[in-house]
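Shared chain: chain A. Partners: chain B in the first complex, chain C in the second.
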Partner chain A sequence: MWNTNATTTGLSEVLQDFQARFNDNPRAKKLVTGWDRSVLLDASNTGNKFVLAVQDHALREVRKVADFDEDAENLVHLQGDESVLTEIFSGRYNPATALVDGAISIFSSDRDKVKLEALAMILWRLG
Partner chain B sequence: MKARTEFLFYVSVGVGMALATSSFTVVSGLFQILTSPWVLQLAVLLAGVFCAVIALSIAELASMFPSAPGVRTYLKAAFGPRFSLVLVYLYLIFTVLMAGVEGYMFALVFKAAFPSVPPTLTALVLMGGVIAINGVGLELPRDLQMATTYASVLLLLGASAYGFIVAPAPLGTVVTLSEGVSQLPQLPAAVGMAIFLYMGFEWAAPVGIKPKAYERKIPISLPVCVAVLSAIYILFVLALPLHVDRATVAGSSVPHVLYFEAMFGRAGTYVALVLSFGAVVSTFNAGIMGGSRLVFMLAREGLLPAWCGATSAKTGAPIGGVLSLGGVACVSALVVSHYELQLVLALISATIMCVIYAAFMAAALSLRKSRPQARRSYRTPVFPWLQWAVALVLPCLGLGTLFSVPEQGLRPVFWMLGCLVTALVSTEWSLRFVAVKEQRGSSALAP
Partner chain C sequence: MGSFLNLDGLALNAEQGKWKRRAEGVAREILRAHAARVDQDASFPRESIRALGEAGILGMGLPKEWGGGGQNIFTSIIVTEQLAKACAATAMCFHMHQSTLPLLIATATPEQVETFLKPVAMGKALGAYAMSEPGSGNRIWHMDSHAEREGDEYVIDSYKSFCTSAGSADFYLLPVRSGPGLKPNDLSLFFVPGDTPNIKPVGVWDGMGLRGNGSRPIHFDRCRVHKKYMMGAEKTGLSFMMAYSLPIYLCGMAACYVGIAQAAYEAAVDHVKKRVHTDTNKSLAHVETVQRLIAEMRVSIDVVRSTVLRISQMADNAVVLFNEFKSTDLLDEVMRDNPDDPFFIEVATLKPAACEMAIEVTSKAMQVCGGAAYKRGHIVERAYRDGRAGSVMGPSDDTTKIVIGTQILGLPQPWV
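Presenting the complex of A and B:
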């Protein structure tokens, strides 16, 4: 089952924790080799937006943004309620299940969706 | 991606998925049950009208659940996990059957161009190639996918138009009104079969690149896909008997090869091969990729064994799903090639999709009642009573399709029953599998 020890603080704190977990995981770093992307987290109910910058095998930056160009190159756009995004990035909600449940939307190529799901598996299930 | 290109991309996904080599096998099947070109065209047109109505309901569902895998998400939201799982398994069975048929049909076209190569070998090499491509996580670039699809569309439209220009006999000699009237009783079954020609247009629904795509672009692209396919097939089924004898068309699994050969001689065989290759690239590859993601998601939900959800450590590709689905698809191709089951399986596929499309329509209506306040950036303009009518008629059309080719006897019915039993057993097994896992989890946590 999913990790239930994650903290229950807000999305911002959860993402900081996620960044540390990501950068400490060699399998996650291997998985993002050559996969430089900006992952936009778009909390549809609060309007909060965060960008996770994946570059050179690492999650380089997590920052809150006021707005973001949806036409930007290499963008993976995740949209959902802030509580759902928090659950996903704290490892309590499988993103593949969240997608099936209609709780989140992912706007990207199929391969990027697959990559995100694989990352979640590594970080929260097998990591 | 620019706005206009983005719209063209969505249309290319839907049209590309539907425009398969096996579609021409169904054209042949339609010529087996109907000899009147205008009744045949009417069947294709009516199937298109049905699919346009279905497309608008799917657009509404997609606007509620953007980017979600429709067959699981829409039906689970509307009808709960058990019923939706039965339909998901039916959909996976459909994917496997179609992969087998599509692989073998491509192999027959390849054999027409290179007679010394055995079709079974071609089909297996093709399957192996697609499994390898998906296993290593390669994705067809969007621009290439669009170019392939639109080139195929233009080729078919152009070849059909050229067929009218160089027709040895005027169109009026082929289309006679009186001949068709006696065939109208076969029309419902033919419509069910013709729905096969449009199957796959719904794949445009989950591929939205931006949230705003679900407000207009995706909802419009779905019926546009149906309209483009209608134009292609109506022109093709009209041009085909102008150059190839109807009985010959009815007796061939790859009538487009005969048409292109009649039009362009030996070079036509290679044109048909290029067209079929384009169809395989867009349909077959995407089908295995989409199906394997569905297997992956079921595994992540705990409904299938964990190995089905295995992913590549390097690319993240769903290797478990690709290998399991691809492996079964290889078996399907072998069975199809050995027993020449292409038409039977195409009929079953049409029936399965009639049921699934009916379920989509019922889901859209059901969710309007159960979740009236849910976000909907698009609502189908079709009257609810008409949606219900189409939802009720579709399974009947599907059922009629099973009996549409008398030469096949009850074979399609037995195969369909087999598919249904497999889906039901798989569903029960999956639900018990989850229950046992949860029980073990609870026991492990107990003091």
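Presenting the complex of A and C:
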């Protein structure tokens, strides 16, 4: 289940919960087969940064980082206010909707944006 | 400033512009010349379809590496609209052909491309989508007919009640159950060559409008096709139709009716500017009621047209997403689990919006033109009849609204 108690839970806890949820979803795991990426979550208003490491068809690791090479290979970079990122990863705000709302920015290849859109459909819409 | 301001609101790229101008040219020189006769005789528009093939327009929706034009839904909508302004019957035949293409792209194996899809890409073949059945009408998620496997062949027994280009198409895309014991929405899709024995068009098409599109019943009377003509996996037909046929079908249908409405509107504007009453020595354009009706027609067309173009761009984006699911073998289950996705509902709104608009606009065009347009053979008279077809074509406006309404109200869709 989504951890929707985001007002009292920080982004770090929300992401731990998201990792478990992701790895319990067979469709999400199927969708990222062969798609090994580092997803950088960049909270632009607080400076907090987290990296979600997708590897071997699973979300292997969620870690807070002090800094990250934004030009690194296979990087997908999501930027937005921390409250927005918290809402997204607690399941209350579909990232596809957040993108068209202008609430987040995504810096990645077109191919990776399609993958994120597909993941949003699987995880946020179909649950 | 780096580029021109775009006050038109719709900027085509160079290739899209090329296809639009090509369609305008064929419509002006060929379709318009044959449209009245096609309508009067209820004859299939062979010359016009041949011209579309020769101009590459029939193959524009297939990949360039197959020999096609490599164009997307948006470009095909722009082209359909141009064709419909000149000859709605031809545009409808083209539209149904176009509606088969994304699904063929999505499902074709390299062998299928080589053996029977390259002629389609080269514009040498016209396709037809044989969907509606007498039992379920326009509720196309329920098919009664089926195919049975016999060795390396399928024997198809299917009666389709309305099939645009029936008897004239070079191939038919046919959804049926692929076994008698399967559920009505466990569909499989077959590419059936038009010269397959036992394809039997029934009667003649004598419609009120769209008289040239040959939309008569057709019976696939125990037609035998090799298993290589099945497109995609067994029982995934409905999911693939939802993903790859429904968006272009609904966008293209709307584009046809936008084109029909535009033809009536332009004829009405021309008429009221030229028709002068001798008692006032003024044209009809000076009558306030006429001015209001002309304005209402324009407003209605513009609102729907801009929506059609916006949603057709969304449909192209959706194809990219569906391809992602297909490439990971998730398409069928995602479509089955997501029958009322907001995207499909938005696409569905185009159907009643455009078809009701066409009825309204063609009716107002006749009102401002008066007796001149009521006479058989006037462009507005033909558009009035052509424009009436959309609302009852499957899925009818009423069925479409029920689908939209059930989604809004959180009720299950009828095919679930």
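Note that the second predicted complex is superposed on the first by the 118 of 127 C-alpha atoms of A that agree within 3 Å, B and C clash if a C-alpha of one lies under 4 Å from a C-alpha of the other, contacts with A are read in each partner's own complex, and residues count from 1 in each chain.
Keep this in mind: contacts are C-beta pairs under 8 Å (C-beta built on N, C-alpha and C of every residue); 3 or more make two chains touch, one makes a residue touch a chain.
No experiment lies behind these values; they were computed from the predicted model shown.
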item: Touched partner set for A:E117, first chain B, second chain C, both or neither; value: both
item: Contacts of A:H77 with chain B and chain C, given as first, second, both or neither; value: first
item: Partner chain(s) touched by A:I106 [first = chain B, second = chain C, both, neither]; value: first
item: If touched residues of chain A are counted for chain B and for chain C, the larger one; value: B
item: Which of chain B and chain C A:R63 touches, first, second, both or neither; value: neither
item: First (chain B), second (chain C), both or neither touched by A:T97; value: first
item: Footprint overlap on chain A, comparing chain B with chain C; value: 27, 30-31, 33, 114-115, 117-118, 121
item: Complex interface listing, chain A residues touching chain C; value: 27, 30-31, 33, 114-115, 117-118, 121-122, 125-126
item: For the chain B and chain A complex, residues of the former touching the latter; value: 1, 64-69, 72-73, 76-77, 137, 139, 142, 207-213, 289-290, 293, 296-297, 300-301, 309, 311-318, 441
item: List of chain A residues in touch with chain B within their complex; value: 1, 27, 30-31, 33, 42, 70-71, 77, 79, 94, 96-97, 99-102, 105-111, 113-115, 117-119, 121
item: Residues on chain C engaged by chain A in the complex (per definition of touch); value: 320-321, 324-325, 328-330, 333-334, 337-338, 341
